[in-house]
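Labels run A, B and C following the written order; every chain starts at residue 1.
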Amino acid sequence: MKVSADVRAMIERRKQNYTLEAPFYTSEPIFALDIDAIFRRHWIQVAVEPDVPEPGDYVTVEIGDDSILIVRDDDMRVRAFHNVCRHRGARLCNTGKGSLGNIVCPYHSWTYSLNGDLMFAEHMGEQFERCKHSLKAVHVENLAGLIFICLAEQPPADFAVMRAAMEPYLLPHDLAGCKIAASIDIIEEGNWKLTMENNRECYHCVANHPELTISLYEYGFGYQRTPANEEGMAAFETTVARRTAQWEAMQLPSAEIERLADLVTGFRTQRLPLDRDGESQTLDAKVASKKLLGGLKHADLGGLSFWTQPNSWHHFMSDHIVSFSVIPLSAGKTLVRTKWLVHKDAREGIDYDVDNLTAVWRATNDQDRALVEYSQRGARSSAYEPGPYSPFTEGLVEKFCEWYIGRLADYDANPRAVHDEKVVSFVR
Amino acid sequence: MKVSADVRAMIERRKQNYTLEAPFYTSEPIFALDIDAIFRRHWIQVAVEPDVPEPGDYVTVEIGDDSILIVRDDDMRVRAFHNVCRHRGARLCNTGKGSLGNIVCPYHSWTYSLNGDLMFAEHMGEQFERCKHSLKAVHVENLAGLIFICLAEQPPADFAVMRAAMEPYLLPHDLAGCKIAASIDIIEEGNWKLTMENNRECYHCVANHPELTISLYEYGFGYQRTPANEEGMAAFETTVARRTAQWEAMQLPSAEIERLADLVTGFRTQRLPLDRDGESQTLDAKVASKKLLGGLKHADLGGLSFWTQPNSWHHFMSDHIVSFSVIPLSAGKTLVRTKWLVHKDAREGIDYDVDNLTAVWRATNDQDRALVEYSQRGARSSAYEPGPYSPFTEGLVEKFCEWYIGRLADYDANPRAVHDEKVVSFVR
Amino acid sequence: MKVSADVRAMIERRKQNYTLEAPFYTSEPIFALDIDAIFRRHWIQVAVEPDVPEPGDYVTVEIGDDSILIVRDDDMRVRAFHNVCRHRGARLCNTGKGSLGNIVCPYHSWTYSLNGDLMFAEHMGEQFERCKHSLKAVHVENLAGLIFICLAEQPPADFAVMRAAMEPYLLPHDLAGCKIAASIDIIEEGNWKLTMENNRECYHCVANHPELTISLYEYGFGYQRTPANEEGMAAFETTVARRTAQWEAMQLPSAEIERLADLVTGFRTQRLPLDRDGESQTLDAKVASKKLLGGLKHADLGGLSFWTQPNSWHHFMSDHIVSFSVIPLSAGKTLVRTKWLVHKDAREGIDYDVDNLTAVWRATNDQDRALVEYSQRGARSSAYEPGPYSPFTEGLVEKFCEWYIGRLADYDANPRAVHDEKVVSFVR
């Protein structure tokens, strides 16, 4: 796919610390560019290890028109394939999740092993070369239980930087030893970047998120200091310094790492204390699951957040993890998939209650959905023009936009298609 | 937006007294042109004063992708703004109507006064210039209680011509002193111009509108004289002359004014007698509301009709007003918004009954919707070709088409965009 | 419509014995080309005589944006017209079937005779030439009760070849003497060519069609010989030879005729025995209607199949006929219309039971719908690439693709539009 001259001009003239021009949110051709330049060339967080606990377990994920089959093979390795039969092109697995022995096409029963080899195809004659008709593999990485895929032939190499930085933070919460207690998909009638921008600031929290701000300090993303909030902010900063020192002494890394815009595989992390002496992001700020994760011994470990470019964020508490994966559906439609994970031995109804576990983020997601939708409607207006970000509370939104525009510019300079340039051009 | 060569050729070769070529009804690019050339450059009738009786009352109207906020300010002046926050672009008011003190963005609480000034925006720092972030105003005119907006920077100046001509006709019915007794939106699966063309003739009335033709003379838009109708037409003409003289003597202007095609702000008006010695457009041709409008003393004032280009028509009777506003949604989808107004002191259930008040036009609108939809289906056919208008009964349809084609030609000669040429081009 | 350079390149590089490139299944511009090059230039099977048994009976069929009115006139001749009024272009008949005396436009009552002449149009003045405003006729052919239409001005002349070959096969089953016992429309979320390809092989039958394979031999479309099936295939071939000789001796032509790819009006036919000494395609392989068709005396006449390019297939048994017509709706959506016909004197509930009559193909159609939809999803993937057809069981799929690509190439060499080049170009 080629970047057209008008889009290139918009990339080049993008004004720092201002929202993007409207077509980045509303244009279907730019959406197709986003799929190709962002979602087919970067590491996309799409699943968690507990999605596929046993050999043969699979989930499917749709990225644009691509369906990806993520399956655990008989050697317990998580693999990813294009979910497309090499015969007549039928989609192999047509449900979102399940379990299978081999991968059998429903059309003519072509049969593939869990490592993608074509094992059996009837009526194809003696000349037919099975070995040339394996499933097409997709790159996959497992970071402390978070599954990332990359559709590019050569994925960004700096995943290793993120892995090295993040494993010490994430591994103590033992995501791989969790089970999925709840999973909810919501559709937002807005561009995926508005979903991400919404996630990268808390300027909107106090007015919109009564449930979340029970445990979340509104100061966490930065605030302009005023006489009214000076005392609160100072107290917050003191608490952060004190708790960070305590947690680090417990071998729980907590200090901020911010690599959102300077890496291809951009990310950020920080462990922050919770308000009301909170333990977890719940309505009473107490743990939602009695069984703490992994080998954790203390409930009051704050909230360890992990944000990735372009499409995910995750909150790790002592007792549960909430994991968010954003999947674009069209210029004006986005899937937000939220998973709540608890210790795999925690018992529903005894150790945890699903309603209580999910209450804060069910409410918060719905509030954010409305805000994203208001923004999308506004972006379609002929009166929309880029507006200014707050230098105090929207710095990470700017980082997201900076990363995005930079990635488009890189793509424009190096427009290598994933599989077939000619097919992609038909998307326009 | 540029008019492409093939559209320009269609504009130039348009054959008088024939329907338009099919793409004018079916093509989405031409629909985008209609929005830009017609609906963003002309005076569009969108509301009535009784929509916003008190300070802070508002309604929103969607023209293409633009949402316009129409609000009465504290000085009782009706104002119009683009319904878009100047910060992150969120839509400010997300319901069709309501009441507010200030205009507060739901996202980050940026707060605007009812005259559009940004009063308050947190966390924006000392350098931030509030005065540069007012809401974008939209031109608004109030013609005897009918609210028109214009999205162009320089609206057509000849609104003044229409105002001067029409106020004497309309003011006696005191629309500003009415209340909205009922408001119904219907969606027609057809192009907005088919809706307008349907409104501009009564050739189809006898076969399709049994309720309307109780009170409406079928001769009102012109008829070919035949032996069968000669007597009826002569009687109609005599009645018109007689009643017009009576009404004018009562200071109620009634004679036809026809400026549909020679003005940018085209319009037509005429007061016509109603059939069966009728008083009002009802099933029994009697008044639907006992409380006559304004200072009117007589029930038998016929029907004063007011038609505007491009998008409205209105029937003023002695007891009630029916007001129609047409809003295009896509090449094949159109909103028709109908409001029934009665004296603001009329009491529902005592002075008027809503079912009786609305019966004729609820039925008629639905009949017209079907006809518009049949026309739209036909226009999509490869066999469609422009067909001839009747020289006797479809003269005003021809006037509408003539005006429309003329306005496109003018736009082509002078393609000034409203806000941002580059944004609009992305609509294609 | 012009074939663009990239589509021409795909036509030219099409690899024999491989599925088509993805855009042929997924691209809306190529879909528009299919409508123009295939469905507006070839003979399309759309109805059966029993759809319109009496004068004035009509059905309407939608091909792309064209609505075609198929009506029996007072001389019992089946005629076809564009369903578009010559006045304002309204669609004349807005229900799928019915009966009428004259054709009266619902809008302004323009009235046409059953042979398409404009008989009456009010208010058009003395100069108006009625004779220039007849309905636009569409070519129609009746092949042994199967109704074909062609939207081209000059339809393919080789319909005569198909008629000469097929009438001896079809006439003994007396379709014209049948009635429609059931008619079911289903929508498949896939390209029409995937529907046709699915119909042209039985490689998928054993794994997917338990009901159909009760009576249908899986060997009928060809199979690779293996030790496991050698005995069964030999027995099948012996049976075919024996029964063919018997049927031909009864004046029932049965031998294969295969003209799928070498004629513009491509077709194939063959009568094959049914499994389990079967009489009909039913769940017990027995006749579904006690009243045999026409003058047929024997129940065990196997299944006479008739396949046409581009859009139909039909199974004629001794007791009933199943007729399938495929109508493309968009690149990814296709209508499959199935009609079950029995002798017109057969009594429902006594001679036949509708559930029993339709059971096999209701189930089979739904199974095929799923397979077509899996294929469509796969074709949208960036990982899709043309896959190999089995040389043993998918030879007729290859014939379909060969015919299709050949017809596009012919169109490209000779791009004559049906009605109006300029209108058609707006579809893109």
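Quick note on the criterion: a residue touches a chain if its C-beta (ideal position, glycine included) is under 8 Å from a C-beta of that chain, and two chains touch if they have at least 3 such contacts.
For clarity, every value in this text was computed on a predicted model and none was experimentally measured.
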item	value
Turn needed to bring chain A onto chain B - CA fit, degrees, nearest 5	120
Copy pair chain B, chain C: interface residue numbering same or different (half cut)	different
Euclidean distance of C-alpha centroids - chain B vs chain C, Å	47
Shared interface positions of chain C, touching two or more other chains	none
Interfacial residue positions of chain C with respect to chain B in the complex	40, 64-67, 82-91, 94, 106-109, 122-125, 128, 133, 136, 151, 418-420, 422-426
Contact set on chain B toward chain C in their complex	6, 19, 21-23, 26-27, 197, 203-204, 207-208, 223-224, 370-371, 374-375, 377-385, 387-388, 390-393
